[in-house]
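Sharing a structure here in structure tokens format.
Order of writing sets the labels: A, B, C, D and E. Residues in every chain begin at 1.
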Amino acid sequence: MSEMIQKPDSNAFFSVQDIHSYYGESYIVQGVSFEIAEREIVALLGRNGAGKTSTLRTIARAHEPFLKKGKIVLNGMPLHQLEAHQAAQIGVQLVPEDRRIIGGATVEENLILAQIAKPIGWSFEQIYEHFPRLAERRKQQATTLSGGEQQMLAVARALARDLKLLLLDEPYEGLAPIIVREIERILLEVKKLGITTIIVEQNAVAALKLADRAIILDTGLVAFDGSAQEVLDNKELREEYLAI
Amino acid sequence: MVNQIFLQIVTGLQLGAIYVLIALGLTLIFGTLGVVNFTHGALFMLGAFSAVIISGNYGFVAAIIIVPPFLFFFGVLMERFIVRFFYDRPHTDQILVTFGFAIVIQETLKWIFGSNNIPFKMPAWGRGILKLHEYVPFLDGFVAYPKWRFILITVSFFTVIALFALLQFTRFGMVIRAGMNDSEILSFLGINITRRFTLVFGLGSMIAGLAGVFAGPVTNVDPGLGMFYLVPSFLVVVIGGMGSLPGAVLASFLLGMAQSFTVSFAGLQAIVVYIVAVVVLLFMPRGLLGKKGVLD
Amino acid sequence: MGIINRGTIHLTVFALIVLTFPFWFEYTGGYAGLDTKIIIWAIFALGFDLLLITGYLSFGHAAFFGISAYATGLMLLHYSSNIIEAMIVGVVVSTIAAVIIGFLTLRRTGIYFSVLTLAFGEMFHTAAVSIFSGLTGGENGLTGLPTPTLFGEKMQGSNVFYLCAIFLIIGFYLARRITRSPFGLMLKSLKSNQTRLEYIGINVQFYKNSAFVLSSIYAAVAGSLMVIYEPYVATEFLEWKTSGTLVIMSVMGGVGTLFGPMIGAAFMLYFENVASVFLEEQWLLALGIMFMAIVVYLPGGFVDGYKRMMRHWVKKNQA
Amino acid sequence: MSKKHDKSKGLTRRDVLKISAASAVAASTPMFFVKDAWAQKAIGNFPVNGPTVTYGFNVPLTSIYADEGEDELRAYKLAVKHLNNGGGMVETLQPNALKRNGVLGKKVEYVVGDTQTNPDAARTSARRMIERDKVIMFSGGSSSAIAIAQQYLAQELGVIFMCGLTHSNDTTGKDKRRYGFRHFFNAYMTGKALAPILSKEYGKDRRAFHLTADYTWGHTQYQSMKDFTEKEGWTTVDNIMTPVKTTDFSQFLTPILNSDADVLILNHYGKNMNNSLTNAVEFGFKEMQKNGKNMEIVVPLYSRLMAKGAGQKNIEGVLGTTAWNWTQKDDDPGSKAFVETFEKEYGFPPSQAAQTCYVQTIIYSDAVERAGTFYPPAVIKALEGHEFAGTGPGKTLYRAEDHQCFKDMLVVKGKSPSQLKGKYDLLEIVSKVKREDTVYPVDTFPGELGPYEPA
Amino acid sequence: MAILVVNNISKHFGGLQALFKVNISVEAGTTHSLIGPNGAGKSTLLNVLTGQIEPNEGSVVFKDRPLLNITPHKINQLGIARVFQTPAIFPEMVLLENVMAAVFASRDGAYKFNLLESRRHAQSVANFAIEILEQVGLQHKIRSEARFLSRGDKRRLELAICLAHKPSLLLLDEPTAGMARHETESTIELLRSISKKNMTIVIVEHDMNVVFALSDTITVLSQGQVIAEGIPDHVRGNPAVIEAYLGKEHA
């Protein structure tokens, strides 16, 4: 496995250097390193429990898992020294698993909340233009939206901020196939914007459609780092690490 | 008969008003920060002591102006230096540390001011009685009630309104409400939620200070006050549903009315608060209005 | 296993310390009378630990202490000065109360459990001083009790001490056996992971209730002994401050260690009665600060502190 | 005469206890009627060894009666000073056996305990004094529950307890103890003294509503006030028992607003009284008209410290009784000596609690001197039925049958702020009630004193 | 003979239909896998089986006994053990205690508690616990606290806790999630050896290697409904399964 780990290059737009993080006492991310160029889209793959979500949350500087060791650098900024809100202020945006739409608030309030901290990204007009469904439902309680609409809102919320690195955690999870296609369309649009993105997805096939590159994690370590096509073509690799 | 029932309702309201003022901050802090604050009674007491000292020297208006900000500041410091380290610890640890701090506040006040009651002089504009029969048509004869109690009810009412307005209609409130729901996602959106939580703790303490200023003249001021109100205010919060502001308001008045209407049965009156608590909790485990918070 | 194993040694040392307590206690600034009180509170705290092992923090344990004290007191007053009947009645009445309260409160967890027990406790306290004041003597407490006797022997002075000491030694022996029994393992599991315990086929509710009742029996014995020690029942026995004191003792000593709460009880009473001479009225303030410091810096209490010290010492000596 | 009995030098206190227990049967023979025939066994901390003797002062230093406790402590310290060096009432007591060189030639020392205004803590603290500090007598307290609890302890352990401030009828009624003596008056005497003055001031046709602290002192106070005011022709409209812990009495005042009562009697003391009176004034009871009369508030048991806690404006014109007031310094030499020495020592006048505690210490010491021994049964005998003067106005009697003290007392009224002459001048004396007017038969209350030698 | 029969189970949470008329029959002594994409209702079904969730309709029969409306501990005492998705163990206790608790529970039942029996002297219990720990390959760690184990080992420990009961039906919720490949393989071996002892196993799993290696029968759920059932080879080739689960393009 170790031969696959690349030496992190500090000149990269974004780099993760040997990070180790813990949930309480469980050691989850056990020394992950990779780097991403600007505007690149990377799929972070691996089976359940491989540490994908934990890696994303570590990058977003969530309170848990707790980063014990390692460096995370975005555009020269040392993310590993920041807290979640500071990371968000320099342009890291996590679209978490389960969307985490804020209950008790309307669609628009969810977007307002995204723009309380500076710097901000898209204006509401831009957002509603790209997401007409949200415009229709702007006064509606956000939690009453359908799963797909909630996912749209979650993505829109990220775009409402001035973002440099987008982290998508399981964007298709729990959605009906037809909705998945719609979210896919939106993400392809986002892709055109040229935002550096890490996408974690269980449905590797769907993720690889978006990604330029794939990184496969296995028990908290990078097991593979290569082009997306390589993963699609290499059945053994898929069977070994993705179980498909 | 009508008079009596009317008076008992008023009494229930004003008893409830005191509970509201004390419990509001407690439930706000629990709902937002998830901290069980056994110091809250002591904060109320600190408010009452500050109020009696300041109003004695500089007048009651000065107390209104100075005490709530002082308690706000005190709460901020308390959050910053004690409570913050207990967010991730179990509730029982939070109970223990805040209980310990309550003892420290109480004993310090006792040390400085002694244990006896300090008479709280009401301001001239608050003294005297209101002749209710002149305003309320269905009352006959002479029905009066102290003016201060109505001031208390009014202050309590406006505090509730102000807090609701703050939470419902301001940006700060929106963040706080959202934070009660999911504080992590807000930090992913770049909001420094920790700082705002500190402010909320200050806000909760400030309401306790306000309670001290306005309830102090009727509960009187001595170092046993904090522990005395701690138990009922916790009952209020738990009966209402931990973290639910409307629940706390509802529970306050429920307890106030229960106390007011059992007044002629000495034994029952003494324990009615506990009976209500036990009955409510046994049948509605999460209290009257659940625990999902202000938003619901 | 031979007869001389660690358990026997622990127990023997413990028994020796307890039985010789009056002889060396005076050299530490203590005095007779306080020793008996410490032993009684140690029984109370020891039993409380059996509940704390399960992770449930009761703020109403004074109820069982107090109910038993009142029942014992009333027996001594109206029935006979012989302590056997009085103690049995005290413990039985209190246990019945514990079964009922446990059944009602243990369905809730965390803060709800704490507040519910607090409410029940205060209910009993308030009822004792108001509704039942005819029976309980109200705020004056239950006074005028005869000197308790055991088979004609007056239970005073050292007699009471040794009676309490025997109860403590037996209580400690049982508590030790219980925590080391399959049942004790289940209590530990209960705190660790209730769901898993349920999924290995244990009726969690039943076990919780049993732990609650067991610990209340200790409280009842302590309450009963308190009345024999001081033929008098104070309303404070039922008050939530008594429960609060118990919690402070347990936490300061070290929850879940059996020894800890007993040490906490001894420390607190010693501090209250001996150190208060130097600190005067400020002893409670000092205690509050100390308590906070322990919660913040030493969540395992004195016992944990001792263990850490020993570990540090061992490490140092090895190096 | 006791010296030769100092045989138990090497014994520990535990042995002492055992001996005293074993000798209980032997001691309960009627020998003690002949003074010189005392079988002076070790009882409590008797015999007293060494050149000093220790008194224990168990007063509330924390919790709600701390102010009173501190004042009591000042009085005790002063009393000890006077006993050792002369001065104060040591000079004015009549008859007087005190020698100004301590007691029985032993220098008096003292230890202090904190009752925390809590019977359990009080007993713990008293036990500590008795068992660790070997006090021969202890005294103090500001609550009947605490006094009663300590009285029983005194009886058990054979150490005399000189009650401080306790007003319940029970202290010398159903809970009277051989080893306890009360210098303070009680609720019954309050009723007896106050009722005639109430009817004189407010008229015979009055309707009274009581609020009563729900514990035995409150109950006895209510009963006494009810009985005596009804004798004067008043009607008792109703009574509400208020839980002791109440801080806001509004819910209890509401029913009174709506009743036809024109007098409110607050059977409250301490913090309860502070709060209920403050609330009652707030409810406008002082300005209210009922049945064409001015509504009146009565607080049967008054103390200057309590009046201070309630606030001057609130107590204005409110009637009640008190044992003694420092303004009586001009009335008799005992009060004068006490007030002057107290003021000289501390810079302000003493409270009634201080006076009671001071007298108790002096009187106990005098009884020891008269008995010629610290042997408790002998001292008790010397105190029982003793009549003396020079500790306040008139003569004072410690009744043998119930250990209740009878002496002159006061009916007082809160002064209006304009009348005040200084910070400590809160109460106006309405009437000086003579001792004869408050005496009641022993059998008014049940109870037994118990044996001279503890069981 | 079917040891477990699930009849027409439906469950909805509010508007979400988690299970819709699900019928499954598990043969005694076989290994039966439940697969399907996230949100297909697999976990809900397990929760129904272990008494955590009451279904809206339908019935469950285990060894000819109805299984609904009884509490989890009774279900366990009937012989159904469950391994959770996130390992449910006793983190603060050492491994031996973890398993001994389960052995005691199995020996004494739900109510009987041995208040004064010494655990140290319960040799047969300890021996059996050690035996089980050996079986799952944790014998060298019996004195360490469970919270310090790796995720894979925690799962093994949980399996050991479940085996302590000698259950007749073992429910496994993603038993290999979070395991490294070599761990997965040894887990497969372990499960295989367990199933050989005539144990009935129901597995919910994402890892197709595991599923195909172990299963006698596979049931595929999608959006709360059974879309396919049969032997592994049959399921592998089923177009509906491929569409729902594996993704269209790369089946």
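Here, a contact is a pair of C-beta atoms (placed from the backbone, for glycine too) under 8 Å apart; a residue touches a chain by one contact, two chains touch by 3 or more.
Only a predicted model underlies this, so the values are computations on that prediction, with no experimental measurement involved.
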Output for shared partners of subunit B and subunit C reads D
By label, the chains that touch subunit B as well as subunit E are A, C
Taking each chain's centre as the mean of its CA atoms, the one lying farthest from the centre of subunit E is chain D
The chain pair with the larger count of contacting C-beta pairs, comparing A-B against C-D, is C-D
Relative to subunit C, the most remote chain by C-alpha centroid is chain A
Chain centres from averaged Cα atoms put subunit A and subunit E apart, in whole Å, by 32
Distance between the CA centroids of subunit C and subunit E (whole Å) is 43
Per the C-alpha centroid definition, the whole-Å distance linking subunit D and subunit E comes out as 75
Expressed in whole Å, how far the mean CA point of subunit A lies from that of subunit D is 78
Among all residues of subunit A, those touching at least two other chains are none
Shared-interface residues of subunit B (touching two or more other chains) are 110, 266, 270
Multi-chain contacts in subunit C, i.e. residues touching at least two other chains, fall at 126, 129-130, 281, 284
One finds touching chains in the pairs A-B, A-E, B-C, B-D, C-D, C-E
Given the complex, residues on subunit A that touch subunit B span 60, 62-63, 83-85, 88-89, 93-94, 96, 100, 102-105, 109, 112-114, 116-118, 157, 161
In their shared complex, subunit B is touched by residues of subunit D numbered 60, 62-67, 214, 240-243, 245, 247-248, 250-252, 254-255, 257-258, 271, 274-275, 278-279, 282-284, 287-288, 305, 308-311, 313-314
Given the complex, residues on subunit C that touch subunit D span 22, 30-34, 37, 126, 129-130, 133, 137-141, 143-145, 147, 154, 156-158, 230-232, 234-237, 272-273, 276, 280-281, 284
Per the touch rule, the subunit C residues reaching subunit E in their complex are 1, 174, 177-178, 180-186, 188-189, 191-193, 195-204, 206-207, 210
Residue positions on subunit A within touch of subunit E in the complex are 24-27, 47-50, 173-174, 176, 202-206, 218-219, 232, 239-241, 243-244
